[in-house]
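Both of the next two complexes hold chain A, though its partner changes from chain B to chain C.
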Partner chain A sequence: MTALLQGLAIVAILVGTGFSVVAVAGYIRLPDVYCRLHAAGKVGVFGVTLLLVASVALGAQQPGKAVLLLLFLVLAGPATSHALASAAYRMGLGPRAARRNDLPPPPPR
Partner chain B sequence: MNAALQFTLQAALAIHVLLIAVCVVRTWRGENVVDRLLGADLIGALTVAVLVLLSLLRATPMTIDIALSIAALGVIGTLALAKHLAGRGRPEGGA
Partner chain C sequence: MSRRLRLAAEWLALLLAYAALTGSAHPGNLALGALVAAGVLALRPPLPQAPLRRGPAAAALAALRFAARLAADIVRCGIQVTALVVHPRMPIRPGILAVRSGCRTPAGLALSAHAITVTPGELVVEIGRDGTFYVHCLDVEASARAAEADQARRCALLEGPGGGGEDAR
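And now, the complex of A and B:
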């Protein structure tokens, strides 16, 4: 049972680190703010969450705090992504790589 | 804690620290203000990841508390700055 949990923890750490690497690569390489938001949202929701799953599987000293941090990250990540995308839209930053753009122009300030 | 788990934790810690350095450079050269704010949020999330890995490696019970407070403060700061950018130049009471 202990070996099984340790194997689960190793797999979770590797997958979470892979998510973080891919997200940072997307933040560097993607063309405009909205694409970068799509990539950078993955660090909080998948990368850190899988590390916390590994922490609980390994029997951390305070698993309640790890679960609390996990729930907080899952709730807060989409909220910050939405606030940043809304700010970019209201500032008038358009998508750069889109073939067509169905959004109306932002309201005047 | 066996050797494979120890090696995995140390390698993940090194990779996350390297990713933070890359994000700092990219945020420094960011092209607009929302891009830089997004980079700061990303650095905060990676810092939380580093603290969780440190709490697994060193088994100190304090580290996960620091990760919780960094996550909460980072989210509040990002939300406030995004609302400020979205409503900049508007009269009082506007969204």
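And now, the complex of A and C:
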């Protein structure tokens, strides 16, 4: 059982770290703040979730605590992405290379 | 539910969250948690109470279905955005789309915006005064084809039959 949990933890650490690295790569590669938030806010959350799974499997974290942290992460991650995107829009940062833009001009500051 | 009963339920939920986060059921720790929970409730601004539009069992079932769909979307979203980022040519067609929310309640509006943001390749940038979502999409043409129907389904799940009608103002 311990070996199984350790195996699960190793897989979760490798995959979770991979997703976190991809989130950073997306932050560098994607063209503007809105596209970058997809990578940082979504792939990043996925990576952290897997690292939390690994910490539970290794016994470093209690399952109840991990579930609550996961819940907070899932609730707060999208809200943070939305807040940053909204702030960028209100600062007048438009999307780059947009095929379509239905967004009205930002309100005067 | 009376106001006192609702406060007691919220206090208990906060106390349980505190116990789970600290990982200790020691009486002293629980007493401190009870004080912290009471403090949070005292300092928290009053939350608007939306009337329940369906029975508790139907609401719980809808919440479970919504949570299951959300969990599946989070996994799909992580994998799809990863595939786009690691692709050598990064085949994205970004854009911002206006999508009518169709929600009748502020809670429906907020939960819909959250659900859209965990949908693969979509992110709510702004919510207009008329309840319109301005959604940034990594593939704007694909999202434009499905966005209105997806939002109507989401709203019906959150607000019950008739959801997806007149917008919340």
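We adopt the following convention: the second predicted complex is superposed on the first by the 98 of 109 C-alpha atoms of A that agree within 3 Å, B and C clash if a C-alpha of one lies under 4 Å from a C-alpha of the other, contacts with A are read in each partner's own complex, and residues count from 1 in each chain.
One rule holds in what follows: a contact is a pair of C-beta atoms (placed from the backbone, for glycine too) under 8 Å apart; a residue touches a chain by one contact, two chains touch by 3 or more.
Note that the structure is a prediction, hence the values are computed from the model and not measured.
Colleague: Is the arrangement of chain B and chain C around the shared chain A a clash or a fit after superposition?
Modeller: Aligned through their shared chain, the two binders fit side by side on chain A.
Colleague: Tell me which partner A:L58 touches in the superposition: chain B (first), chain C (second), both or neither.
Modeller: So A:L58 only meets chain B here.
Colleague: For A:L37, is the partner it touches chain B (first), chain C (second), both, or none of the two (neither)?
Modeller: both
Colleague: Contacts for A:I13 in the overlay, against chain B (first) and chain C (second): which applies, first, second, both or neither?
Modeller: First partner only, chain B.
Colleague: Of the partners chain B and chain C, which touch A:L93 in the superposed model: first, second, both, neither?
Modeller: The first partner, chain B, only.
Colleague: Applying the document's definition of touch, where does A:G26 land relative to chain B and chain C: first, second, both, or neither?
Modeller: So A:G26 only meets chain C here.
Colleague: Chain B to chain C: minimum CA distance in the overlay, Å?
Modeller: Nearest C-alpha atoms of the two chains are 9 Å apart.
Colleague: Which chain A residues are contacted by chain C in one complex and by chain B in the other?
Modeller: 37, 43, 47, 62, 65, 68-69, 79, 86, 88
Colleague: What does chain A use to touch chain C in their complex?
Modeller: Per the touch definition, chain A meets chain C at residues 19, 22, 25-26, 29-32, 34-35, 37-39, 41-43, 45-47, 62, 64-65, 67-69, 74-75, 78-79, 81-82, 85-86, 88-89, 95-104.
Colleague: Once bound in the complex, which stretches of chain A touch chain B?
Modeller: Where chain A meets chain B, its residues are 6, 9-10, 13-14, 16-17, 20-21, 23-24, 27-28, 33, 36-37, 40, 43-44, 47-48, 51-52, 54-55, 58, 60-62, 65-66, 68-69, 72-73, 76, 79-80, 83-84, 86-88, 90-91, 93, 109.
Colleague: Which residues of chain C touch chain A once you look at their complex with the stated criterion?
Modeller: 17, 20-21, 23, 70, 74-75, 77-78, 81-82, 84-86, 90, 92-98, 113-114, 117-118, 121, 123-126, 128, 134, 136, 138, 140-141, 144
Colleague: Going by the contact rule at the top, pick out the chain B residues touching chain A in the complex.
Modeller: For chain B paired with chain A, touching residues are 2, 4-5, 8-9, 11-12, 15-16, 19, 22-23, 26, 32-35, 37-39, 41-42, 45-46, 48-49, 52-53, 55-56, 59, 61, 64-65, 67-68, 71-72, 75, 78-79, 82-83, 85-90.
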